[in-house]
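Both of the next two complexes hold subunit A, though its partner changes from subunit B to subunit C.
Entry: the complex of A and B
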């Protein structure tokens, strides 16, 4: 007997439903969840600062403050971080005691900024550029470098410099990676410290407003340009040094550079910058 | 390290000129002077980081200007509660809970509220 069209349709629908529901659990598309967050996050800032071109968010506070941008452009003509880049280059190529060098650990002559941070599925943790540099040293019998400043910031400054223009495309492909991402996200939005403030409170909710005479940078673009040479520091420093500073300013305990918390935070913050380009190092007040 | 002292926005401090109340300001009665000092002190209230108030130098603009407080908060307890813990009224407020988190002592909160009432 000929079945009705409706019956056949129902059968097809049932088939599709059973196939979908019997798909293995690991087929959850974490990247799609992250992409949805990224869209929402970036849409917020695009709406808040409609005059800013998307790529310009990589310039931090200077994307939204035309007056400061002018002065900053002038500073960048003779970048204060230039000597650090030169020193970083020397350190990158300098042989370890075993004769190898950092250059032996990295492909593309060290122009690999665009690959970091990433979630290492085997190790089950986020690997940042600074961590990879120290891992390379340790693997070759050298001591790890200070994660806040000094040689490590110079080396990552050099590697970032030769990677300028590389796209940011953080990927979250597994449940473990998503968990690290969520931890970073939680860190960004949670209030902490004696002053009970969150990163989001300042750099999202009140981005562009003035805290005393300081204009608050949008969180979109936070990780694009590190390490930075800060006039206040008088030297080049890492992103995690900045994290520690902002933590301290709200009366919260600053964490160690390359701690799991800061790496997860960097992972989340960099994912939020997906679609922008790395343009570090940069100079800042 | 003493978190309270290292406190709010040492970052911003560097860029501030050492400005003091200019001579044209009317002198405050002594009981209000303490509240003003606590409110302006960068390691205490640092209200100026976020609010325009009493002609203080370099005010921020996270929060609204603080003026005509007596008219706007006829019930002193309501105003005090806001300074003690702003999240009671607005759970997502970024304003630090000065009393609840011990950033200011109870006496300092009272002094600040006295000062607010003069604005």
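Entry: the complex of A and C
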């Protein structure tokens, strides 16, 4: 007896479903998802600023403002952050009460900027360089340092200085890491505060436009050069201090330095800079 | 007759007593503002000035400036509620904020 076309079709469908369901579940390639985001993100800025070389985005706003770049280069001849680096070096090697020092926690003499931030699979959270410095202190019986400025920024500044030129290559290899990445991405694009503004609103959509007397910096390259010596601060400060300042400017209550939210944001933002090089510390207005 | 007069007097006093009592609106407005601020803070979406405005509302109340306290507490309450609404909206819609290329 001849089977109908419908019966044959049903048989084929069942066969396909059975075959697919018996196959092992394919692992999601999170890095591939992130890489796609990075390509789109960087393409946006390359299109927006075609005259800027990709590597120059690491110079922040000075990549897109030739006049300010000239002044900045002159400032960099006698960098205002130099004393902070010297102090950071002393603090990095200064023995704790137990005789150990920060140098005992970090490989390569502390030139490890390129390894941060990363997602620690065991801890299930993003670890930043500043967090790792404080973790080392706490593990050796010392108190954690202020996450915004002061000694922590100086130590981080020294470690960043001796790591200059290291490539940024944030990796997202697990579901947990991708979740943290997405939280950071959400923070970047979601509007907040009384002014209902987002990081992306200014530093992506309005990058290069005038905001009062200043030109808004592009988000591509934001995390390459921290900690920075800001003339406004008159001292060196961390990336999370800058995040807090930005949040305050838009009427949002700043979060704590090294809070999960700011670490996830740093994770996302640094991932978007993949392929650039760390060039901090730097001077900024 | 004397008893009836006294009872009538008491009945007349009751509503006026209620009017004379401290209005419960001001403290509750501050409490509501504080609750909204806390809810926004838990969502990591608290606005910058809400806490400061609540403190100012409390100070005004302590000085007996009820009207000013109410005004400030209302602003803080509005801010707290707006921040919570903002957080909830962004939680659902943040992907729509990504510009199309």
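By definition in this document, the second predicted complex is superposed on the first by the 259 of 285 C-alpha atoms of A that agree within 3 Å, B and C clash if a C-alpha of one lies under 4 Å from a C-alpha of the other, contacts with A are read in each partner's own complex, and residues count from 1 in each chain.
Everything below uses one rule, namely that contacts are C-beta pairs under 8 Å (C-beta built on N, C-alpha and C of every residue); 3 or more make two chains touch, one makes a residue touch a chain.
A quick note: this is a predicted structure, and the numbers were derived from the prediction, not measured.
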item: Contacts of A:232 with subunit B and subunit C, given as first, second, both or neither; value: first
item: Partner chain(s) touched by A:245 [first = subunit B, second = subunit C, both, neither]; value: first
item: Partner chain(s) touched by A:255 [first = subunit B, second = subunit C, both, neither]; value: second
item: Which of subunit B and subunit C A:192 touches, first, second, both or neither; value: second
item: First, second, both or neither for A:211, with subunit B first and subunit C second; value: first
item: Partner chain in contact with A:40 - subunit B first, subunit C second, else both or neither; value: second
item: Touching partner for A:202 - first (subunit B), second (subunit C), both, neither; value: first
item: Shared contact residues on subunit A - subunit B and subunit C; value: 193-194, 196, 198, 201, 205, 248, 251
item: Residues of subunit A touching subunit B in the complex; value: 193-198, 201-202, 205-206, 209-214, 232, 245, 248-251, 285
item: List of subunit C residues in touch with subunit A within their complex; value: 41, 44-51, 79, 86-87, 90-91, 94-95, 97-99, 101
item: Residue ranges of subunit A in contact with subunit C within the complex; value: 40, 43-44, 47, 186, 189-194, 196, 198, 200-201, 204-205, 247-248, 251-255, 261
item: Subunit B residues within the subunit A interface of the complex; value: 3-4, 6-12, 14-16, 48-50, 58-62, 87, 92, 94, 96-97, 101-103
